[in-house]
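Please see the structure below; I have some questions.
Going in written order, the chains are labelled A, B, C, D and E, and every chain counts its residues from 1.
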Amino acid sequence: MSFTYFLKRAAFAALALAALMTSAFFLVRLTGDPVNLYLPVDASDAAREAMRVRLGLDRSLPAQFFDWAWDILRLDFGMSLWHNRPAMDVVLEALPNTLALGAIALALAFTAAIVMGSIAAVNAGGWIDRGVNVLSQAAASVPDFWLGLMGVLLFAVTFRILPTSGFGGPVYWVLPVACLFARPFGTLVQIVRGSMIEALNATFVRTARAKGAHDGRVTFVHALRNALLPAVTVTGDLAAQFAGGGGVVEVVFGFPGIGKLLIDGILKRDFAIVQASIFAVAVVIFFINVLVDMLYASIDPRVRVE
Amino acid sequence: MNQPLLKVENLSRHYGSGATPVRAVDDVSFEIARGETLGLVGESGCGKTSLVRTLLKLGPATSGSAVLDGVEITKATGSELHELRRKMQVVFQDPYQSLNPRMRVDRLISEPWALHPGAVPRARWREETVKLLESVGLRAEHADRYPSEFSGGQRQRLGIARALALTPTLLVCDEPVSALDVSVQAQVVNLLFKLRRERNLAMLFVAHDLAVVRHISDRVMVMYLGKIIETGPKHSIFSAPAHPYTQALLSAVPTPDPRLRGKRNRIVLQGDLPSPVNPPSGCRFRTRCWKATSICAEQEPTLIKRTPAPGLLTACHHVD
Amino acid sequence: MTDTSAEFLPTRKRRSRRILWLLRALAGDPMAVAAAIWLLIVVLAILTDSLSLLGDNRISLKARNLQPFDFGQSWTLWLGADALGRPLLVRLIQAASTTLGIAMVTVLTSLIGGTLLGVIAGYFGGIVGNVIMRICDIILGFPTLLVALFGLYLFGPSVSNLVIVLAVTRMPAYIRVARAETLEVRERLFVDAARVFGGGPAWILRTHILPSVAPTMLTLASVNLAMVMLFESGLSYLGLGIQPPSVSWGLMVAQGQGYLSSAWWLGFFPGLAVMLTTMSFNLLANWFRIVNDPSQHWRLVSRRR
Amino acid sequence: APDKLTVVVTDEPKSLDPCDTDLSGNSRILHNNITEALVNLSPKDGSVVPSLATSWRQLDSLTWEFKLREGVTFHDGKAFDTHAVIAALKRAQDPALACEVGLATLKGLKLNAEAVNPTTLLIRTDVVEPILPNKMSALDIGSPATPGDAKTRTPAGTGPYKLEAWTPGQSVGLVAYDGYWGNKPAIPNATIIWRAESAVRAAMVDTGEAQIAYEIAPQDGTTEEDHAFPNAETSLLRIDAQIAPLNDRRVREALNLAIDRDGLVGTIFHKDAQKAMQVVPPSVFGFNPDIPVWNYDPEKAKSLVAAAKADGVPVDKEIVIYGRIGIYPNSSESLEAIQAMLADAGFNARLEMLETSPWLKRLLKPWNKDRQPSILQTQIDNAEGDAVFTLPNRFTADGNQSTIIDAGLDKLIADGSKATGDERKRLFQQAFKYIAVDAVNIAPLFHMVTIARVAKNVNYTPDVQAGNEIKLKSISYR
Amino acid sequence: MALLEVEDLQVSFDTASGRILALNGVSFSLERGEVLALLGESGSGKSVTASAIMDLVPNPPGAIDRGSIRFDGAELLQLSRNERRDLCGNRIALIFQDALAALNPVYPVGWQIAEMYRIHGRNPEGGLEKAVIDLLTAIGIPDPERRARQYPHEFSGGMRQRIMIAMAVALEPDVIIADEPTTALDVTIQAQVVDLLATIRKRSDAGMIFITHDLGVVAELADRVAVMYAGRIVETANVFELFEDARHPYSVGLLASQPRVDTDEEELAPIPGSAPNPVALPSGCAFRTRCPRAAGLCAEVVPPLETVGPGRQAACHFPVSSA
């Protein structure tokens, strides 16, 4: 992957980002005025109006937009109303948590899925395959928030071996990771299994067998690398989704990540936070996509020509 | 009637734009008379399908003209094009792909009529379908099946029946038998042969199997890398080929006769077909030609009569 | 290149053969059978409910948080009662019709819209196609949750808005698949053949492309049904989807959360229902895929090793 | 005994600025832990007791004098004196800062402070303010080093604890302040964390993750460790009395009669909640004990509705019940139940649960002229103990959330606000009676209780102020 | 004793439409240094025969029901999986039809050739790298050092097929099975590949099974021909005998339907009808529905493969007599 290719992609991503941010700007503003939320209900109309003026919300939308766009160009995302701090600071505090959470969950899911999916594919049709199939379908179908609640009920409330929620040392990560793990794991097992079966039936695998390669070599050297591509694609998509926050799971566990920040930001009409998070997430997604492309190219030489 | 049915002049078809387009068809001229069969042979990737698709107006011509029965194909649009379509039909290579697997045979065959209201009144569709099926050696009850229920040879017959539905004057066949087994291939070749005679069809018959071309064509055209390098009546081409490529092509065809093994003077060409993106200068065949000299790199040979063989036009500097 | 069925059967016999084959294929996959049975139960339950055969569903604060598995009670109370004393089982069934109804309508909307847009983008390409695809990119650029949040905030959380929002967020997936399929089908020879016969874009889209794209889209839809259910549950859980007094499984889990340690069954059963139903859709979609892919048929018929 | 205590609350504080202590989330952490006010209110009877001020008196109707405690220093080393108070008062009233205290408690009042000497302070008001000391209990005094043009996240006060760290999204840590003027707290380290879910908060005390958890839902608050205390909140439904059919008094009365308050208490509401007949709890100055409680009488409700209908009131019109998600534990269950009760009485009522922001749109004016008839779920808090903190604005014609427009009531409230003593009490009682009995634009529900779960080994009994204060210095391990 | 002897091999597949008997009692033998052509229409079971020998029949849906495959005196079907793997590539090598699909797209071709040595623990003289480059040179790939590092998609069809061949002959196996190695190629490229195979067979004394449906290539390369039809071998004969004097009506039809490039003929003589449905083969002789000589007996009794002349056999009740 050449540097110019990277630049091209970056340019395209920047365009998309601009469109994204613009639509975010207008969408966020359509969700309503934050003033009521930030003043006591007893505050006078004058006080409300004063706040509107202070936040620049009294001006016309285009005027607000140009100011805002100029600020964004200087990477100034404004102050968070709720946190009383520069919005980017708040976002950059939450982002690493989310990324770590997503990365751990995905890495585990990916590894486990490769192993289980391959085993199932090698034994396609057998009872191991059926077992893995049911397990992975269940994992792919379980609502993550429910899994979280039941995890809390079981491991925190009943057995008291894990904290109910919150953030801190490794024990605090167990339940959120487990919840986020389930769906990618289920999906990936299905995908790995499918592409593995396909790869195992491919002519080049027959070639490998005809060459006298033993099953392990056939499976892991020849089939797996070819079967990896769809799994990598899906993992990339999932990673992009996770970059936007573990959403519901973060809420369930009070995990201070970008997903919770975003949800709170919207509920609290904290425009700066919402926009800064969207921006940060979009940048992360861009890098995830580049990474996936690089991974792709390193796995499959046919992609490299492009 | 001296007017040829189809007259193609300096036709080119390039894919992609910019500095290095794929010159799939490059400056090709030829004619087909009414009732005549022109065979087109060449290696894979030499531009046969591209030429066919340009003639059928499935893709735009880059330059040049093709006139069918007085109508300029490359410029035709709207109702003119619609009328043109009736005169010119196609049989594709792959009988598994060219029939929509979700349509029943009666619908498949009547699709041209549905698109040309007035060709055949709806009430007679069934009757005509049966007639067509019978003319290609199928039976009436086959009209209620789906294509997947037919064998390859039968499917190709369906394709032919459908192509004949609008009683065209020119039938373009893009490798109609390459996907078929030998025993079945012969059936289809015989069928085409018979139909051509019965209906006075003109045909452009594309193949890379020289034996089949020899069998069915009146005239043959050899294509190499987007260019026609030799053309002429079948007998001239097959018995006195003048272009080294034609010679090599003919000699490379294995003869089903073990006694000739090792006795024939076989020419085995070295290397592969060069890329049409960046074809060799001058004569395009020179990179694989054993006769090539410096002139071949400098000057492109024109397609002219160079040998006493009747009607044979050759594009080579080194015809002896 | 083998000809698998050169011998012909009358149409009716062929159809009954197909049904037989489907049954045999279903029998070959016990999980699919289980899934089908579960979905059947759910559908039957919704039917009985819609015919109001389920009896009393009134609030009864005295029966608040009644324990489940007390088989001495009327059968509607076997799964206990909710925080307002309504039989949980009946609530679950009512929620099922909301959840499934929303999923169905959503999937249908995005299926139809997405397929049309995708097919158009794929067949015509050009500016229209580009615009459609760029809009898809933008929708996909937002975290899905965010689009949903925006949508529901803009228009207020109501069932129809939920459907619209979910349909819009899911649509890009359909558009992409439909476009990819169309790009592929467009290059097929039978499409070229139709063009040679004089078929215009409308004809080709209607008679050749849409029918060819349909099976893939239907498979996608069945998988999506599961996804939409999960997503709706998630949104309702966050308080953005279904609002009380309407009820959906996700909302029931959310409401049950407040009773996690005092009445676990309030959140447990609806979540389980989501999981089982989602899984059933996934399993059936899987089965459907295999049934429609001749190269995988052996999975369903043979057990010989 | 352990030296650490963890308290779990519902929300992260919005700011930790001393001028924002009107928000209970901020106040719980700051008030009397980090920062202190001149005076405190006694949890027993609501009387004003000394804190940073040792004594005070009214010099004339518009002037008050406060004597400040000596030898007090802020956590940042600055001395506590009149300048600090003047600065704090200025900040609180600065419109640019939009402080909660200034906008809510001190609203409508211009305060002018003047230092006589470092320990004597004069405060002048622009209108008569009989309960100025009471109001001063809401004004926390931060260090004069607190920036004047922005809110702070690192407050320095005079309280027994100083802020150690605020890790956004996670916790606020407090440590005991060695230079505190009063008694040393028993527990040197305190952490405040927040979790949105009642069940989780409750479980955290069980698992030892926290020692005190507030706002436990009634269904969880059933163990010995759970303490219910009245929290000065009164839940009610505000009736939009201007839109038909709710503009008919009989219909509003019927609404009240149709609600089975006895059925709700002990199930959806905690058993210690008291049926309310007016919008303030009995502890508030001005509470009127003579207003009768509504009885549950669906038959009478039906007949009232029928009578209204006979007079051409469009009683079949759909009435929306606007609820706010999470306004108190079980808020949507309570409305679901109420909706069913109304339906039983023949009302065509539809429930709509709203997030805070859209709910505020319904709560606050301006309202659409041709809006639907509606009932709004709300609750009114009066921890300050005087009716003046409840009546104006909510029930006066110029109020931004009032559905009553009644000149007589306005006058009652205005007069009461200026009066003192029994006269004040009488006027306020009259106002409450008018609202509850004559205007009937509310359906009072309950004087609410909050449940706090306290670990067995912790010595802490929440009082009426526990909604706004965690009196950390009084907490100890057994 | 023959190098490779296949006897009464039956292979079946379970499919949705029923069980397919892909091989229905196939017997033939291969001598050292001999080229045996397996000739037959699409679907006649040629590839399945190769798969069965290489232990590549996918199970499920396929299974070897009965029969024996003896290689160099050992009964292959009784060997363990690993023992058979050790033979594959090492002593019996397979060349696939579609080289693009048969080469692993994600590894360089040099690596894939070298893998052959690695799997069987061979250490060629001069090291792996040299062995690979030597092989590539031998099959006529220019610039072998660079080419060895390239991936399959960077080669032309002919070159890929030659790389497959290089891989197959790397360990100098005793038997080479080539499954239609030239079918997908153009005539000029096909000529190159056929030449390469001819060179290889001259150089080594390996036996070769050459699967094709191209009579021309058979005439060019084969010593002996086995004609397959619907999962059976219907005729085996010396290549000269077959072309001059075929006995089975199917062989005769095949020869007659082939158009020739070196002569003119007015009308081809196709075999009527199409290949039978493998799920429902006609009773008795599977060819009878298309056979001009079919009689009542053909529908009842499966004609056994009988000797009809010195070293040649045919499975027909009414063989065409040499006239």
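Methods note: contacts are C-beta pairs under 8 Å (C-beta built on N, C-alpha and C of every residue); 3 or more make two chains touch, one makes a residue touch a chain.
Per UniProt, the chains are A, C = Peptide/nickel transport system permease protein; B, E = Oligopeptide transport system ATP-binding protein.
Values in this document were obtained by computation on a predicted structure and should not be read as measured data.
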| item | value |
| --- | --- |
| Chain whose average C-alpha position is farthest from subunit E's own | D |
| Pair sharing more residue contacts (C-beta pairs) when A-E is set against B-E | B-E |
| Whole-Å gap separating subunit C and subunit E, where each centre is the average of the chain's CA atoms | 49 |
| Interchain centroid distance [CA atoms averaged], subunit B/subunit D, Å | 89 |
| Gap in Å, rounded to a whole number, between the CA centres of subunit D and subunit A | 40 |
| Sequence positions of subunit A contacting 2 or more other chains | 31-32, 125, 152, 157, 251 |
| In subunit E, residues with contacts to at least two other chains | 42, 60, 274-275 |
| Where subunit B touches two or more other chains at once, by residue number | 151-152, 154, 181 |
| Subunit C-touching residues of subunit A, taken from the complex the two chains share | 16-17, 19-20, 23-24, 27-28, 30-32, 124-126, 130, 133-134, 137-138, 140-147, 149-150, 152-153, 157, 190, 241, 243-245, 247-248, 251, 259, 262-263, 266, 278, 281-282, 285 |
| Residue ranges of subunit A in contact with subunit D within the complex | 31-32, 34, 36-45, 47, 50-51, 54, 82-85, 90, 93-94, 152, 156-157, 160, 163-168, 251, 254, 256, 260-261, 267-269 |
| Complex interface listing, subunit C residues touching subunit D | 58-59, 61-62, 64-65, 83-84, 156, 239, 243-245, 255, 257-263 |
| In the complex, subunit E residues that touch subunit A | 51, 54-56, 58, 60, 81-82, 85-90, 93-94, 96, 98, 101-106, 108, 115-116, 119-120, 151, 153, 164, 167 |
| List of subunit A residues in touch with subunit E within their complex | 125, 201-204, 206-215, 217, 222, 225-226, 299-302, 305 |
